[in-house]
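Every chain is named by a letter (A, B, C, D and E) in the order it is written, and numbering of its residues begins at 1.
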Amino acid sequence: MGSAAIDELRNNASVKIKRYTVPGIKDLPVACKKLINEQSCDIVMALGMPGSDPKDKICAHEASTGIIHAQLMTDTHIIEIFVHEDEAKDEKTLAWLMDKRAREHAHNVIKLMLRPYDLEREAGTGQRQGYEDAGPVGL
Amino acid sequence: MGSAAIDELRNNASVKIKRYTVPGIKDLPVACKKLINEQSCDIVMALGMPGSDPKDKICAHEASTGIIHAQLMTDTHIIEIFVHEDEAKDEKTLAWLMDKRAREHAHNVIKLMLRPYDLEREAGTGQRQGYEDAGPVGL
Amino acid sequence: MGSAAIDELRNNASVKIKRYTVPGIKDLPVACKKLINEQSCDIVMALGMPGSDPKDKICAHEASTGIIHAQLMTDTHIIEIFVHEDEAKDEKTLAWLMDKRAREHAHNVIKLMLRPYDLEREAGTGQRQGYEDAGPVGL
Amino acid sequence: MGSAAIDELRNNASVKIKRYTVPGIKDLPVACKKLINEQSCDIVMALGMPGSDPKDKICAHEASTGIIHAQLMTDTHIIEIFVHEDEAKDEKTLAWLMDKRAREHAHNVIKLMLRPYDLEREAGTGQRQGYEDAGPVGL
Amino acid sequence: MGSAAIDELRNNASVKIKRYTVPGIKDLPVACKKLINEQSCDIVMALGMPGSDPKDKICAHEASTGIIHAQLMTDTHIIEIFVHEDEAKDEKTLAWLMDKRAREHAHNVIKLMLRPYDLEREAGTGQRQGYEDAGPVGL
C-alpha cells in the first residue's frame, strides 16, 4: 500500500516523502507523531491492514484512537488508510482494494494540502475510498 | 448539511464563517482544532454522516471522542452534528433529517454564544434535533 | 434536575452557584472545564439524561470519558449525574428518580467539599443515588 | 476494603497514609491525581466495587481508563483494586474476596516501592489477587 | 517472556537493558513511561499475559490504550507484546508461543532502532509474531 500511495503522490504533486515502517498498526500513532515532530512532515498517511480476528478489530480501534490523539497533539492531519483483511471476498480483490484505496487517499491528501475547494465541492456526494462511491443523498 | 447550517446561521445572526472540508469523519477532530487555533474560531460545528456498517459506527465513536478531546484542549465548544446513514428509512427522509438537524443545531450554536438563557429555559423539555421533540418528563 | 440540585445545595450550604446549560450531554465536558477555568468554580455537577437508544448509550460513554478527562486536566471534581431514560418503568418514576438522584448527589458534593469524614464513614455501606441503598456486604 | 489495605500496609511497612473517600468509582481518577499532586503521595491505591449492571461495567471501564491516564500525567503508580459485585457467588465470599484482594494488593504496593526484585521473581508465575493463583505456564 | 526477550536482544545487539516488573498489565503504561522519563530508555518492550475472562479482555484494552498514550507523550516507541491466555489450545503451546513471540518482537525492536530498512522490506508480507506468517496478499 505504501508504494501505491507514494506512486500516486509523486505522479500528482511535487512533494518530499519520508517513509517509516513499523512492525504493527499499534506502532503507527507514535511513528506518525515522530514524523511530524522529528522529521517536520506537514501531513502523514498511516497505512495498515488490520486482521479479521476480534482481537485485531480492537487493535485497529486502539490505533485509530491514538492516530486521532496524535493529530490533536500536533495540529497536523494524519490520514488513516486501513484495509481490513475481511473487507474483500478473496486475495485478488483485497490487493486491488489496497491499491485503489491507497491511491484515492493520496488524492485526498493532495486536495487537503493544495486544493481544499475540490474537497468542499465533493462534500456530501458520498465519495468512498476503494469501492464504488455511494452517491449523494437525493433531496 | 454544511450549506444548511451556514444558511441558518446567516439568517439568524451576524457571524463570520470559515468552512473546512475533510475527506472523512475521523479527520474532523484535528480540523476543528485547527479552525480554533489557526483561524481563531469561537465555536465550531462538526458535520458528518457516518455509514451504517459496524466499522463505521466505531469510526463515529472515535471521531466523537476526538471532538470532545479537541474541545477540552481548547476550552471551546465544538457542536457535533452527525446524521447516521441508518437513521432514516429512505433517502428522502435522510435528506430532510440532515437539513433539519443542521438547522436546529445552528440555532443551538447561536443560543450557546448569544442567548444562553434560551437554552436554560428549554433544559429538561426533551428537545431533539431533527425528529419530533420527546417532550418533558411529567412529574 | 438542575433546579432540584440547586435547591438542595442552597438548603444545605452557603454556596455561590453558576448555571450553564448546553444543548446535549456531549457538550458537558468542555462546559464543565470552562466553569472551572473561566468561572473559577471549585466543583461542578454535570447533569444529563441520556436516551435509551444504543447510539445514546455510546454518547453517554463519550461524555463520561470526557468528564473524567476534564477533571484530570483541572484537578477538580466534576460529579456526573446521569439518569438514563430507561432506568425507570414510567415517566412518573423517572421524574421522581431525577429529582431524588440530583438531591442525593448535591449532598455528596457538600460532603466532598465540606464534610469528607461523612463520606469515609459511609464508604462500603452500599449507598446508591436514587433507588434504595444496596446495604453493606455482610462478613 | 480501605481498612484492610491500610491494616496490611501498617503491619508490613513504615508508611504515612492519606485516606480520601469519594462518592463513586468515577470520582477515583481525579481523587488519585489530587492525592499525588496536592498531598504528595508517592503511590496510590484506588479501591472500589463496581456493580453488576452493564451500565456499571461501563463506569468501571471509564474509571480504569481515567486511572491509567492519571498515572501517565503524574509518572506515579496508582494500583487499582476493583472487586466486581458479581465476582462472588454470595455475600460472604464477596466480603472475603474484598479483604483478601485488598491485602494482597497492599503487598504488591510494598514490593513495587521497596522490594522490586520480589515482583520480578514472581513474574510469570500466575499470581492472582484474591482467588487461587493460576500457577506458571508449563514449558 | 521477559527472559526470552532479554536473551534474544543480548544475542543480536549490544544494548543496555533495564527490567521493571509490575503486578498487573494495567500497571504497564506508567511503568513504561517511567522507564523512558526516569531511566532514559530509548525504546521499551511491554510484555504481559491477559487472562481469558471478558473482564481481562477489557483490562488488556485499557492497558493497550494507555501504552499508546504513553508513547505519544514521550515520542518513544513502546512495543506491546501480549500473549492472551486463550491464544493457545494447551499450556505447552502457550509457553512456546510466549517464547517465540517475545523473541520475534525483540527482533522487531532491533530493526526499528538499528535496521529500519529491514522492516520496510518486510512490510505487506504478512509477518505475524508467534504463529506462521500470513504471507503477502497476491496481486
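Rule of thumb we're sticking to: contacts are C-beta pairs under 8 Å (C-beta built on N, C-alpha and C of every residue); 3 or more make two chains touch, one makes a residue touch a chain.
Predicted model only: the values in this text are computed from it and were never measured.
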*asked:* Using the touch definition from the top, how many steps at minimum link chain A to chain C?
replied: 2
_If I list every residue number at the interface of chain C and chain D, are over half of them used by both copies, so same, or under half, so different?_
different
*Fitting the CA atoms of chain C to chain E, what rotation angle results, rounded to the nearest 5 degrees?*
145
*How many angstrom lie between the CA centroids of chain B and chain C, rounded to a whole number?*
25
*Would you mind listing the residues of chain D that make contact with two or more other chains?*
65, 69
*Could you classify the connectivity of these chains, where an edge means two chains touch, as line, ring, star, complete or other?*
ring
_Complex contacts: residues of chain B adjacent to chain A_ = 1-2, 19-23, 26-27, 29-31, 33-34, 37-38, 49, 51, 55, 58-59, 62-63, 65-66, 69-70, 73, 91-92, 94-95, 98
*Within the complex, which stretch of chain D touches chain E?*
57, 61, 64-65, 67-69, 71-72, 75-80, 84, 105, 108, 111-112, 116, 119-120, 122-124, 127, 129, 134, 137-139
